[in-house]
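By written order: A, B, C and D. Residues from 1 in each chain.
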Amino acid sequence: APAADKKLTGLVAAAFTPFTAQGEINVAEIGRYINYLREKQGVRSVFVNGTTGESMSLTVAERKTLAEAWCLKAKGKMDQVIVHVGCMSVKDSQELAHHAAQIGADGIAVIAPSFFKPNTAEALKKFLHEVASVAPSLPFYYYHIPAVTGVNVLGRDLMEGIEELIPSFRGVKFSGEDLMDFGQCVSYSKPHWSALYGVDEQLLAALAMGAHGAVGSTYNYLGCHFNELISAFEKDSLDQARTIQFKVQELLSYAKKLGFDLGVNKQLMNEVSGLCLGPPRLPLMPCPPERAQSIMKKYHSIFPDC
Amino acid sequence: APAADKKLTGLVAAAFTPFTAQGEINVAEIGRYINYLREKQGVRSVFVNGTTGESMSLTVAERKTLAEAWCLKAKGKMDQVIVHVGCMSVKDSQELAHHAAQIGADGIAVIAPSFFKPNTAEALKKFLHEVASVAPSLPFYYYHIPAVTGVNVLGRDLMEGIEELIPSFRGVKFSGEDLMDFGQCVSYSKPHWSALYGVDEQLLAALAMGAHGAVGSTYNYLGCHFNELISAFEKDSLDQARTIQFKVQELLSYAKKLGFDLGVNKQLMNEVSGLCLGPPRLPLMPCPPERAQSIMKKYHSIFPDC
Amino acid sequence: APAADKKLTGLVAAAFTPFTAQGEINVAEIGRYINYLREKQGVRSVFVNGTTGESMSLTVAERKTLAEAWCLKAKGKMDQVIVHVGCMSVKDSQELAHHAAQIGADGIAVIAPSFFKPNTAEALKKFLHEVASVAPSLPFYYYHIPAVTGVNVLGRDLMEGIEELIPSFRGVKFSGEDLMDFGQCVSYSKPHWSALYGVDEQLLAALAMGAHGAVGSTYNYLGCHFNELISAFEKDSLDQARTIQFKVQELLSYAKKLGFDLGVNKQLMNEVSGLCLGPPRLPLMPCPPERAQSIMKKYHSIFPDC
Amino acid sequence: APAADKKLTGLVAAAFTPFTAQGEINVAEIGRYINYLREKQGVRSVFVNGTTGESMSLTVAERKTLAEAWCLKAKGKMDQVIVHVGCMSVKDSQELAHHAAQIGADGIAVIAPSFFKPNTAEALKKFLHEVASVAPSLPFYYYHIPAVTGVNVLGRDLMEGIEELIPSFRGVKFSGEDLMDFGQCVSYSKPHWSALYGVDEQLLAALAMGAHGAVGSTYNYLGCHFNELISAFEKDSLDQARTIQFKVQELLSYAKKLGFDLGVNKQLMNEVSGLCLGPPRLPLMPCPPERAQSIMKKYHSIFPDC
């Protein structure tokens, strides 16, 4: 089992995957990306090849190349690089888990397979176990996102007895609105586990429920504000934390009304950061320029100084 | 417009409707019920004829009889009696709203009609306006519970410009897990409005988001614990508040695994309170006795002193 | 139990409820409506106060007035008047069932209650039984429409042993796309029962599966074409039947793209028939005039002679 | 564009993927499998690496090995081998499409990607186009299964103008219950296209709507009965066709009540055929033996002679 001394906390950016204009992965941009997160957003950990990274649209070879580049370039700059290795195929996931161990990732995460859906906690645990067992020295995180996967196993049920099965288990990225389940996960967690919340627009609620950290896509470009939110929360300045959360909500609910998918999200990151992460890959469509403009205008009106 | 000086806050019990063993409404139990809420649970406001009160299974005449008994017997004992007057038929709702004004209710609430679903905020507002306008002197609350009604109009969109249409508008009972929408409702609320949260198992999260109060069924029998939770929250003792919330979650997640519908919920109230509220009415089925026993055992193990 | 000699077959129009411009029910139009169905559409049975009739938006008193008018004016002109008496409240349904027997209805039907949802076949049967038992001499039909009610009890499971519980049971109005369940209902039906299909746009498929008749809203204005479809089917002219079905599909899929709710449907009936059935009642919104015009243009292009 | 002379019709078995007891693909069983389909079930075409074949749980390399074995061993024995090449990643799909052309497949099919969901017909067509264009000489089929993918683009909308974009387009495998959409697909189809239906339990309904053939998993072991059903239908013996369809429905609704996922389905095939196709791969779980026994008992009671 991995060392228990690197508990994952704070903000973790769910990284976008940089593409060239031709739609090929563009590892050259990763160095700049890491500097940006660290210097401009105060973010020190990344979650790569996850949903935000369009992993399901990548080949296994591309995911390896990306994971390797992230681990290499983050050395000395990021606290932790968590590599998501979940695939529809358990064999592909095993290959990626094995690879993650070789390249020095700080941990791996696995989403529930969503085409064939494990319909019990037992089936899901068996699947995760098959993957975790090929990289037993790496901290293992379960990535819970039922609205996307359609796998409705409760996070708390997944955790039941998980350490006997997966000694490297270290926590959950919980991307759901069911805060009873999330609270029960927090309550059940061992001290060296991390209950990380994944719905950025209501992070404050999860902090109240005891979240140890957060993984999300908007931390790429709103990290500085969320770091302030977390500081305010830790100082019991709930009013201040709430003010920041409401601002984020105002931006994101505005974006949602216009249509806010991953392509739009990525374009916001391009515009706020100045990085060249390109458009998303099919079946996602590029962000219509006028939509990005409208949202950026709103962004500047809500966050004039950043 | 109604006086703006009675802002609804704190815990509001969503009242069960007392039935006789023969399935007829039993207003005789209401006096004892009110005393119980006040003395044992520290609850000073009630929401009657709502979902918990099985209003949709009652006739218009029964709803009037119940509303009248609640208003009469609560006088001097409860701070506020809010009468839910929502029906599938706007005409039935109008009749009940008119009646609520006559019997001295402190406010009325209306759920979105769920058989024919208003599919825009505009249609929903028109429906609510038709009801509110027959009782213009009563504070008016919108009852938002999208998972039950299937009406997915955002609470925040409903609030947009609502005071011009419904001058008596005073807030929302928000029974949903979308805390971005809830946060935006809180943020948009006028000082004399109330953003009341309705998912008891995650009340703490909503308090962090700025909830002014809470309406729910478990406050009938867990009100004393939730009052402690709110006190702890107000004193910035988040750890203590969280401990109480986790206990409630432990009980309710246990109940949910066994099957926790309104019939089971009502039976818990019968057992905890000693009141005789009877079984629910069809199409709800009575709680299987062994299920009530299992949940009560869990209840006593979690809350040994109450 | 009722006489077993009036098996319900053929097309049954799910009747719209006529309203005045002021939104009050308008029984004066019912006589003309009946003549129109009989003479222009060749339809000889009606299903009143159902979904198409906006029953859930009506008061109990209004439903009685309407049922009475339909029964009275249909005498000698229609083969059967089926009165839908389903309500959210079992007591309201009982009152309407009792009334239907008094006014000489040819049968009653009941939808599953959809606010509180019976979650087993047993609970649903109990509810239906409570209603049927106050009008034991009237043929009783279960109205199955799971996509609207959210009650996912299979029709076939509902039928299991139903005659012992409800001796007046005579069949089902099956408004669903699950033709395995519908086929199993047909297969299980007693000779004096009727398996009536309710998704007009795929009636031909249900006829192949053995449907004995059909209840739907478009038979109000497309009845003549559907009568031809049925005739063709009965003569094994499947190609001809399919041609008519495809035409109907072309019209309805066009309407669906523009937005085809009950308000639009009602306006089509007004325009095709020349009757004055008014707009729908809230929460339904009136049909935007330009939408009705577009659909009527399509209608005339597909059915130039009728 | 491919030759237009091999219109796909009749029964197409959606093939299971043979696994060894150790969970590795087992191409050695494919020859026997083909003989079984041809000789015992009268099935002359197969759809490999589809949902039934657990393609999403396979690696790209495994899918190639399987496709190759099927094409090789089917030569001279099967009319057509359609290779499903749909993946979450467009690049993986392209690789498989290119490979299918090299190994002499008779056609390829692509499912809508379901993790990131194309939310317009345009996005879906672009994705399909990217895949089809690397194998322009192979007949291309779109695999429509909205309940599984969550991609709710209508089949008819997908077909609109598709031949300009994908000249090799040859039809759809339509696995859905919306027979209005299916009917509109049939009606819009060019003479050399195939509208193939994929919900075995209601094939008769689709035949009435004009289906040209059928692709499904139960044709693996109920093909002989379905061939009879189709013959009866073609001779206008609807009663006879219905009797067979009802028998199949009786079996499948019985299985559904016990739990009928792909693991169970595969085990039925093992038991009926005597082939050794093994258990499914994770996240699917093996069929509990007592469940297989119960369903087999039912099978023998319904189909005593086969």
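Going forward, a contact is a pair of C-beta atoms (placed from the backbone, for glycine too) under 8 Å apart; a residue touches a chain by one contact, two chains touch by 3 or more.
Quick caveat, the model's predicted, so the values are computed rather than measured.
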Chain whose mean Cα position lies farthest from subunit D: B
Separation of mean Cα positions, subunit B and subunit A [Å, integer]: 36
Length of the line joining the C-alpha centres of subunit A and subunit C, rounded to whole Å: 50
Those chain pairs that satisfy the touch definition: A-B, A-D, B-C, C-D
Partner subunit C, residues of subunit D touching it in the complex: 154, 156, 177-181, 183-184, 186-187, 201-202, 204-210, 236, 238, 241-242, 245-246, 249-250, 252-253
Touching residues on subunit B, where the partner in the complex is subunit C: 54, 56-60, 62, 88-92, 95, 112-120, 122-124, 126-127, 130, 148, 150, 261-262, 281-285
